[in-house]
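For reference, chains read A, B, C and D in written order, and residue numbers begin at 1 within each chain.
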Amino acid sequence: MSNPTDEPTPTPPSATVRNGPVVSREEFDALFATVRTWGRWAPADRGAWNRVTADHVRRATALVRSGTVVPMGRPWDTVSGPDNGKPALHYMSDLGDVEPPEPSTHKDFIGADYHGKGVSHLDALSHIAYRGRLYDGGTARELVGAGGARFGDVSALGPLVTKGVLLDLPAVLGNAWLEPGQAVRAADVVAAEAALDVNIGEGDAVLLRVGRFRRRRELGAWDLDAAGAGFHVDAMPLLAERGIALLGSDGDSDVRPSPVEGLNSPVHALAVAAMGVPLLDNLDLEALSVAAAETGRYEFLLLVAPLNIPGGTGSPVNPIAVL
Amino acid sequence: MSNPTDEPTPTPPSATVRNGPVVSREEFDALFATVRTWGRWAPADRGAWNRVTADHVRRATALVRSGTVVPMGRPWDTVSGPDNGKPALHYMSDLGDVEPPEPSTHKDFIGADYHGKGVSHLDALSHIAYRGRLYDGGTARELVGAGGARFGDVSALGPLVTKGVLLDLPAVLGNAWLEPGQAVRAADVVAAEAALDVNIGEGDAVLLRVGRFRRRRELGAWDLDAAGAGFHVDAMPLLAERGIALLGSDGDSDVRPSPVEGLNSPVHALAVAAMGVPLLDNLDLEALSVAAAETGRYEFLLLVAPLNIPGGTGSPVNPIAVL
Amino acid sequence: MSNPTDEPTPTPPSATVRNGPVVSREEFDALFATVRTWGRWAPADRGAWNRVTADHVRRATALVRSGTVVPMGRPWDTVSGPDNGKPALHYMSDLGDVEPPEPSTHKDFIGADYHGKGVSHLDALSHIAYRGRLYDGGTARELVGAGGARFGDVSALGPLVTKGVLLDLPAVLGNAWLEPGQAVRAADVVAAEAALDVNIGEGDAVLLRVGRFRRRRELGAWDLDAAGAGFHVDAMPLLAERGIALLGSDGDSDVRPSPVEGLNSPVHALAVAAMGVPLLDNLDLEALSVAAAETGRYEFLLLVAPLNIPGGTGSPVNPIAVL
Amino acid sequence: MSNPTDEPTPTPPSATVRNGPVVSREEFDALFATVRTWGRWAPADRGAWNRVTADHVRRATALVRSGTVVPMGRPWDTVSGPDNGKPALHYMSDLGDVEPPEPSTHKDFIGADYHGKGVSHLDALSHIAYRGRLYDGGTARELVGAGGARFGDVSALGPLVTKGVLLDLPAVLGNAWLEPGQAVRAADVVAAEAALDVNIGEGDAVLLRVGRFRRRRELGAWDLDAAGAGFHVDAMPLLAERGIALLGSDGDSDVRPSPVEGLNSPVHALAVAAMGVPLLDNLDLEALSVAAAETGRYEFLLLVAPLNIPGGTGSPVNPIAVL
């Protein structure tokens, strides 16, 4: 039976997946305790975004050189596929024939179960619990219900304006992309900083490019839950030490398969639940990679403006870099 | 029968509505021809956003003084009411009991038929047609279908970074708010510029505050389609002459009832279909008003990052001012 | 401010609401224990529908005389209002312009948060818990989660074919409708049986008409949560004794305000959680009333075919009477 | 990359697909003219359901023997896959923690873009246009808009109670299922009538079983748009001659690939647009097949109760057979 679409046939990753050393659950729990920042901030549910002071905002806006604006939100994807099991909804509700005559109006409905691998989105602190506890120690079962999250919702976060740093790993390594399943480790982060002439500091947003959307465009979509490039947990103490405010990626920051025993998304658990660092998943970083390469600057003004959804565990977003 | 909610009983506007002089359809059509910018830009469906050059972006970022970040997106409103006939949707899709055990995840679905009076949103150029034509002259019926808009969609706009100017009319007039139905006329704009020490120029975003959400909080919601404060059409030639890129309001920019015979939303028709100026509707400008009053500065860096929805006639947004 | 629609202005119910004698929580709990059928059936989550045997189905189909088919589902209501706070969704997804050319296809999306007062729907046994327990005694918190109900879902019910009995109270009383807030008590049920020449028996479906949709058509919609005609709890032991399988109404079967202290929907609690009797809410019984009056027969073949939604707490339905 | 689910790997159909003789567009148009019933009925948008008189309803109910009730609606499928590209939505909106305390309530939202291959549904007459015309000759572009269908909507159909006939082809042929792509031709229909001792007559509903869901359960899901068993167009004159009211299948009645040049769904075009015969797609006929085989009776009382959706082009349904 032939493939009914024109998309290229997905190519599975190479056999020699390098997702890094196996980590036991005990080692992970020790790591969790090390990077944990519970009790540090008020309001607690802004977590590491409390690091971003007005002073930081000013310094970030001062990074602007060319005035080039680069968005990172991938197109609203209404077509199901290996990395889009819950396709977004988009329906026209008025085609100029519903409301009274003049002017005629065109309207539409959008919808999305946006967590997953299809929608560019922000994870608020209520998105993840580890051992039943949200960031700052509250009990998930008491704090999150059918009415939404009463702690760590996306409205508590609000927008973020800070310095963004693009860790463009394929650019560093001279590859088109990282293979699915390939881990980015602490040493890789340090090497990338040197190669790209950037310095990850307090309150910064780190964006990891693994080249997912270039690979997807050339080879077709694949199941990121089965194999995706991202951070090994050993990179997290370094990022914690630097005091980052936000972590993002064109994947979802976690290398998959997970190197931690019995844990699906250990980087999510460390970033969100331990460090209070929200995540940006499924960013399209291709245009930003090109723009950064052209100017040689991998630091920029970053803007994230999540929708104001009380009780929401995150939001679809279209983050912007201003170079 | 008692009101089942705790909200205050809506108070209708005063009887002496002042929506300005009546405008005939012929006068309106002449106005439309005067402010029309069809054929001026490429790509056409970015319309007046083409005015915002990289240079303009740099100057806008240089406006930042305090580093204060103020969002304008009102809370995602899932409760129907007089100004929210199509309540937004928000459902939890995972409460830590759907996906495999660790970490547990909380997820949600959001949805909105976002045009209307309930959601803070951006109108792209495909939202409005006048006499069957979209901005730049294309035929609406050919360009917009069930699959979305093939011209003037929100993806064609992308994000906007520019100078924002807050026309805080209640602050100028010393009122808590403008009464529903009260028109803001060309002379009011000029007076507000002087009073607030701002200058509306090429590529700027003008945000009109009428105090809707303060009135709503104090007196309860009302039907904005029946009575809302906003611009009279006589303000539009002035704004066109200044070369604005974007127009927004805590209402929807149109004074209602419409002063133009046979036309519901004449400011929408002029801004979007004639001038190629996207609109921001239903912004919560209360916090921005307070912040501007405190600093005495009604100009700031404005950021609008609509979702990247191919074919979409707009997007829910959470615009940000950086003061 | 004028009413923007053509709908008649809602008329609140008369001041002398007669919702019956006040019932204390202790009396209610005793009542609950009296009518409870926990432990009686397998599978338990079909509850009282286990009473409807194949023999009952045959006898019900033998009731057909004229062959007239009367549906009871009210129109899918996408307009918010006092009794429709969560309007149903209906969007066209293809207008002949999305799929390949021939034949052209028209498609639509529907959606509904169907419990409430706007959608004709069936309540499955998982819809209601009393003191934390579902029908048959299971703990609600353990049995219902974000993935749906693991006990008492609508798929466990499946369809119902049985004898329907229309208790047309306005027809009995010679009124156009019962006033909102008026209680239907045990004695009223007995009197209606005599007046309408019907006999409520084992496995039957009882449909209570209070004339809501005639009143709504003539006087406009009102808030049924504040005032609605329905059963007083003192009617429930009688219905339990008769062994009914299903209870339905053009309201939601509960008189409101509730006569039971501290309890919003006592008839829901008794029917669903104690007796295992699913409910049909918001049926349009006007056509059935007319058809029954014409033939003088208030008994008929009733068919309910809920959608097969695993985990669902009910379903929108369009029940059918065959006279 | 391993398959992340436990589902069996889909097995493509055998190479020797037998979708019957190729039919030219001219031959198809002649066929269309032959079976066309335009202008025959009032109201026109009930089409062939006008054949089902009260007398027919009475005779259908008289078919009931055992009183066994068999539903045909497949489970609401929220998981995307090769035959479910637009997964249905199901979200819990209340888990006992949203509304006031007692009784606690569990509620859910459902949604579906139900046309396609995933949801058991009814196609109303507005679903299909051929050469720009709906059934009875009206112009599709004028009759169907963003507000829905003004002709041939599902509310115009209402419910159907009639005699159902199961053409259980695998039972006739002694196979577990028909291979995807296998055509059911006029001669097969005649042979099935004889083998199953049924007689398709005026006003009847014909249900074609090809064994799709047994194959799907055993071999996994596949793309029905690429290969599906169903009627060749040469069976349609026979069904037209018999005066059927409704056609249904566990596939979608059309053999695929289409044997008609330049036409995707020729049986849809003939049934809906020419004959005014609504279609039932994606029925789960496995239980009905077993029940029919046990009793040796392939005729029964059939009930279809679509939701009452004004403007809707169809409805999700759970049809019932009563044997």
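Note that a contact is a pair of C-beta atoms (placed from the backbone, for glycine too) under 8 Å apart; a residue touches a chain by one contact, two chains touch by 3 or more.
By chain, UniProt protein names: A, B, C, D = Kynurenine formamidase.
Note that this is a predicted model, so its numbers are computed, not measured.
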### Query
Centre-to-centre on C-alpha atoms, which chain is most distant from chain C?
A
### Query
Quick one: chain C and chain D, Cα centre-to-centre, how many Å?
29
### Message
Suppose each chain is reduced to the average of its Cα coordinates; what separation in Å results between chain A and chain C?
### Response
46
### Task
Averaged over CA atoms, how far is the centre of chain A from the centre of chain D? Could you give it in whole Å?
43
## Note on the structure
So chain C residues touching two or more other chains come to 89, 91-96, 109, 113, 145-147
### Task
Treating touching as the only link between chains, describe the layout with one word: line, ring, star, complete or other.
complete
### Query
Which residues of chain D touch chain C in the complex?
53-58, 61-62, 64-69, 71, 73-76, 89-90, 92-96, 99-116, 120, 126-132, 140-141, 144-149, 155, 158-161, 262-266, 268-269, 273, 301, 303-320, 322
### Query
Which residues of chain D touch chain B in the complex?
89, 91-93, 95, 109, 146
#### Entry: chain B partner contacts - residues on chain C that touch it in the complex
1-2, 4, 12-13, 79-80, 84-87, 89, 91-98, 113, 145-147, 180, 222-223, 225-227
